[in-house]
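Take a look at the structures listed below.
Two complexes, one shared chain (chain A), two partners (chain B, chain C).
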Partner chain A sequence: MTLLDFARGPALQWSLIILVFGVLWQLLGTILIGVKKDLSKPRRNTAVRDGLATIATRSLPEHQFEKKIRFQHFSGYAWHVALFIAVLFSAPHILFFESVLGFGWPHLPNGIILVTAAIALAILFALVIRRLSHPVQRLISNADDYISVIVVIVPLVTGMLASAHIGARYETLLAIHFLSVEALFVWFPFGKLMHTALTFPSRFRAGAAFGRRGVKA
Partner chain B sequence: MRKHQTLGVYLHAQGVSRRAFLKFCSATASLMALPPSAAAQVAAALAAARRPSVIWLSFQECTGCTESLTRSHAPTLESLIFDAISLDYHHTLQAASGESAEAARIAAMEENEGEYLLVVDGSIPLGNPGYSTIAGMSNLDMLRETAGGAAAIIAVGTCAAFGGIPHASPNPTGAVSVSEIITDKPIVNVSGCPPIPVVITGVLAHFLTFGTLPDLDHLGRPVAFFGQNIHDRCYRRPFYERGQFAHTFDDEGARKGWCLYELGCKGPTTYNACATLKWNEGTSYPIASGHGCLGCSEPDFWDKGSFYTPISAGLWGSRETLIGAAAAGAALGVGSALAARARKKKARAAEEAES
Partner chain C sequence: MSVDNAAFRDFRESLERLGIDTPSEVISDEERVRRAKQTFMDKLDGRMAVDLTTCVHCGMCAEACHFYEATQDEKYAPVHKFEPLRRFYRRELSPMRWLFRPFTRDITAQDLETWQELVYDACTGCGRCDMMCPMGIRLSTLINVMRQGLASAGLVPAELQALQNEQRDSDTVFGVGAGKLREVIDRLGRQGIEIPLDKDQAEVLVLTTAVEVLLFSDALAATAKILNRLGADWTMLSQGFEAANIGLVSGDEVTQKRATAKIVEQAKACGARTVILPESGHAYQALRWEGANVLGEVLPFEVLAMSEFIAREIDAGRLKLKSPANGSSVTYHDPCRLGRHGGVIEQPRQVLKALGLDFREADSNGRENFCCGGGCGEYVIKRSAPLRQKAFEIKKREFDETGADTVITSCANCRINLMIGADNAGWQKPVESLVEKVAASLAE
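== the complex of A and B ==
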C-alpha cells in the first residue's frame, strides 16, 4: 500500500470516524448538560429573539472597543471567508465531499482557489504574529491555540503545494495533504477548532439568558 | 539477419537510409534524455552493434505486451531494431514448438552465457507451481533457470514489473513480479498495460549503445521515459487549471476536450511517456481519445478503487461506519450530559442537606 493509498483509505476512514464521533459527543454533551434553573421572574419572555439578536450583535465589533479590535475582528472575518472559499469551492475538494456526502456543487478555477488560499495563509500568519507579540493575547493563549493553528496551516500549505505541483511528486504532496487534513479531523472535536460548532449555540444561549434578566448581552 | 552481421549492415539491407537511421538515433538520444551530441555516439554504436541474443519468457500475461510491440500499424524503425536482435526464444513469435522450442532456449543460454538479455512479460504465480507451466516446467523454475546466465533482465509490462492484473486482490495465484524473485541481476521495469513499444526498443538501444542499462527511478523504470507524470505533459492541463472539466463522457465538456480529472483520470499520479510519445506512431493516447488515464504503469493500478473515481476522492469503506460513529458519539454525548446533570443534582442535594 502506497502512502497515498493509506491516506485515501484507512487513515481517512478512521479520521472521519473520530471526527464524527468526537463532534457529536462534544456537541451533545455540552448542549444537553443544562444550566441551573433560573428561579427569578423573567423580565421578558423573548428568549429566542434575544438569542438570535445576540448571534448578530456579537458578530460585529463591540462599539466601545471598536478602534482597538478592528484589525483583529475584520482580519478574522477575512481569514474565515478566504478559508471557506478555498475549502468549499476547489474542484478536487468538491469531488472529495461528493465521495463522502453523495452530492457536490459548482467549483471555482484553480487559480482563484490558489490566490484565495494564499490570502488566507497570509492573514493567518499575521494573526499568529500578533498573538505572539501582543502581551495579553500571548498570556491567554495555550497549547490548544497553537496546535489548532498548526493543524490548519499545514493542510493549507500542503494543499497549495499539491495544487501547484511544487516541492515533490504529486502523489506524495497529495498524500501529505490528505494526512494533514486527517490530523485536523482528529484534533477538531477535542480542541478550540470546535468553536466552529459551538460559537453560535453559545452566543444564542448567552443572549437568551441575559435577555431573560433584561440585560443587553 | 545473420548472427554476426552488424545492425548497420542489416538496416541498410532492409532499405533504411542513412538519413532515416540518423534521425532515429537523434530521436532515441533525445528520448533517453541524452545531450544532442550523443546522437552520433548512439549512431556509431548502434551501427556497429552485433545482434544480442534475447530470450523472451511469457508467464501469466495476455500477450498484449507482444502485440503492442509487433502489431504496430506499419513496420517502424523500432520494430526493425527489434527484428535485428536475435530473438532466440519467444512462445508467440517463434516457429519452433514443443521440445525443439525448449531446446532453442537452452542452446541460446549455453551459447551466450552471461551475455544474453532476458525479457519477461507476465507475472509469476507462487501459489501453486501448476497454475502456469511451460513444457511442464513451472514459471518460477524457468525464470530462475533462465535468469541465471542473463546479463540483464527487462521486465516488460506491468505484470512482469509489478505483478499487474494477476496480482490484483485477492491475487488467487499468488502472482509476483520478476524483481520479487530475482534479486542478483540488473532489472529494468518497462511497465504499462501494455508498455509503449518505443520504450522497449529505447531500453534495447541503450543497452546496445552503451552496454549498460539506463538510469532508473525508485520503481526500477527508465527515468528518461518514466520521469514525468502524464498530467505535467497533458495537453488538457490548461483546462484543469481553469477548472473546466468533463462531468460525463458525452457532455459539452467532453466534446470540447476539457480535463478528465472528474471522470477519474489518474494522469497526475501516473508516470509514463504516453502524453509525449503516444501510440500508433504518435497518433493518440487514451486521454486524447477521450478516456482518462487508468494509471496502468503504476503498481497495483487495478486495486486503487474504480477507474472512474477521482483521485481526490477517498477510498474509504462505507457511510454506514460513519453513521455508526455518529450514533456512538451521540450516545456518549447524551450519556455524559445526563451523568453531569445527575452529579450536579446530587451535589445540590448534599449542599441543601448540609444547610
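== the complex of A and C ==
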C-alpha cells in the first residue's frame, strides 16, 4: 500500500469515524447534562424568533461594540470566508466531493483558489501573532488554541503546495495533504474547533434566554 | 428631591466599618477546594457546558468590560474570570474528561483565593460581555457560578459576608428592621404622605430596601404619592419589606432563597396580586427572574419594577403628569439588572418622555450600557474602591458628553455608587431617582 493509498483509505476512514463519533459524543454528553426549566413568567414568548435573531445579529457589526473589535471581527470573517472558498470551490476538492456525494458544482480557477488560500493563511498568521503578542489573548490562550490553528494551517499549506506541484512528487504532496486534513478531523471533536458545531446553538440559546426577559441579545 | 448630606456621610462611614469584625470561618485548603468543586458540579448545566466548549479565546469580551476598559489590565478580561470553572469542567464533567484530565491542571485553594479578587472586586455581573461575545456565550452566568463556588468555599469578601450573615441571621440589611421603617413612615406621615402599613389584605404589596430607608426616603415618599394618587389598594409589611437580596450578590443560595421566601410568604399572606419592587436592579433580578427558580414554584403574583409600573400606568392613561417648569436636560443610567438582565429598558424612557424632559441618551445605553461600576454588592468592598473609581470615570465621561444637567437612574445602589464616585472626583452633576422625578410632576 502506498502512502497515498493509506491516506485515502484507512486513514480517511478512521479519521472520519473519530470525527463523527467524537462530535456526537461531545454533543450528546453536553446535552445530557440537562438544563432546568425556567419557572419565571416570560415577558414574551418569542424564543424561536429571538434565538434566530441572535444567530444573525452576532454575525453583524454592532454599533457600540464594533469600534473596539473591528480587527478581530473582520479578520475572523475574512479568513473563514477565504477558507470556505478554497475548500468548496477548488476543482480537485469538487471532484472528491462528487465521488463521495454523487454530485458536484462549478469550480473556481486554480489561481483564484491559490490566492484565496494565501489570504486565509496570511490572516491566520496575523491572528497567531496577535494571540502571541496581545496581553489578553496571550493570557487566555492554551495548547488547544495553538493546536487548533496548526491543524488548520497545515492542510492549507499542503493543499497549496499540492495544487502548485511544489516541493515533492504530486502523489506524495497529495498524500500529505490528505493526512493533514485527517489530523484536523481527528482533533476536531476534542478542541475548540467544536465551535463550528456549537456556535449557532449557543447563540440561539442566548437570544432565547435574553428574549424571554424582553432583551434583544 | 435631595439626599441628606449628613446621612450620606454617615452611610459612607458605616461602609468603612463594614466587615471589620466579621469572623472568618476556619476552613482547610482541601475543604475549600472540595466545597467549591461541589458547587461547580451542582450549578453547571448543559447550557453552560455548551458555553465552556464553544469559547474560541478570541478575547473580544475584554472590550465590553468596564474594568478592562478602565485599566487595560488583561486579568480583567471576562473570559479569564471563569478560568478555574473551565478547568473544572474539562477535568470532571466534560464528555471528554477521560482525555482532558491528565492535561488539565486541577483547581487549588490558591486559585480560589486569586480569583476572589477577579470575581468579586472586578466583576459586577453586569452582563455587558454577554452582549459582545460572538459565540453567544453568557459569561456573566459562568462568573456567577464562580461566585457561588467561592461563597461555598468561605471566600466572600468580609464586607459582603457581613451583610450576608446579617440578612441570613436576622432578615435585616444595614441594620434596618421594622422599627426603622416605622420611624420613616411616621415621619412621612407627619408630612402628609400616607403609607399603609401591615394591612391584612391588599391588591398591591410594595417593597423597599434598607438603603432607601436610610438614604433615599424621598423615593419611598414618591412611591407612596404615586400609589395614593392612583387610589391603589396597597400596603407595606413591617415583616416583609426588604427587597434587597444579599445572597444573590454574594453567591450564597441559602441566603438568597431565604430572603426570597420571606417576600413570597408575605405577599401570599396578604393576597397581593402585584408586588412592586423599589428602585433596585438586583432586587428585580432576585424576585422577577430568579424568585420562582430558587423556590421551585411559579409565583402567584406579578412582579413589577417601579419604573415599569409607572410606565404602564402612564400608558393606560391612569397617571397624568405635568412637565416640570424648568424643562431641564437629563440623561438616564440603565441599571444592569433592570435593563440588560431585566428587560426594563424602554419603560423608563417612556416615563422620561412623558415628563417632557430634554432627554439625552449617553453613548452607551440600554442593552449596551456601561455598569455604574459598583453593582452586585461591589460598592461595599473597600479594597476595590480605586478600581471602581477608574470605572466611574467612564460613566462620568459619557454623562458629560451628553451635556445633560442631571443623571437619572432607577436603582438606589447605582445611585449610591455614582454619588460616591462623584464625591471622590469632585464632580457636581446630581444623580436623581426616576420615581422622585415622577412624583414631583404629578398633575393636579
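Here is the rule we use: the second predicted complex is superposed on the first by the 208 of 217 C-alpha atoms of A that agree within 3 Å, B and C clash if a C-alpha of one lies under 4 Å from a C-alpha of the other, contacts with A are read in each partner's own complex, and residues count from 1 in each chain.
The rule is simple: a residue touches a chain if its C-beta (ideal position, glycine included) is under 8 Å from a C-beta of that chain, and two chains touch if they have at least 3 such contacts.
Computed from a predicted structure; not experimentally measured.
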Partner chain(s) touched by A:Asp5 [first = chain B, second = chain C, both, neither]: first
Touching partner for A:Asp145 - first (chain B), second (chain C), both, neither: second
Residue contacts on chain A - larger count, chain B or chain C: C
Touching partner for A:His134 - first (chain B), second (chain C), both, neither: second
Touched partner set for A:Ala122, first chain B, second chain C, both or neither: neither
Partner chain(s) touched by A:Pro201 [first = chain B, second = chain C, both, neither]: second
Chain B versus chain C as contact partner of A:Trp25, first or second or both or neither: both
A:Ala209 touches, of chain B and chain C: first, second, both or neither? second
Partner chain in contact with A:Ala168 - chain B first, chain C second, else both or neither: neither
First, second, both or neither for A:Gly34, with chain B first and chain C second: both
Chain B/chain C common contact set on chain A: 25-26, 28-34
Complex contacts: residues of chain A adjacent to chain B: 2, 4-5, 8-10, 12-13, 16-18, 20-34, 91-93, 95-96, 98-100, 102, 107-111, 165, 169-171, 174
Complex contacts: residues of chain A adjacent to chain C: 25-26, 28-36, 38-41, 43, 54-55, 58-59, 62-65, 68-69, 72-73, 76, 131, 134-143, 145, 189-190, 192, 194-195, 198-199, 201-207, 209-210, 213-217
Chain B - residues contacting chain A, complex: 229, 231-232, 240-243, 245, 261-262, 268-269, 299-300, 304, 309-317, 319, 321-322, 325-326, 328-330, 332-334, 336-338, 340-341
Chain C residues within the chain A interface of the complex: 44-47, 49-51, 53-60, 62-64, 68, 72, 74-75, 77, 79-80, 83, 93-96, 99, 103, 130-138, 288-293, 296-299, 302, 339-345, 363-364, 367-368
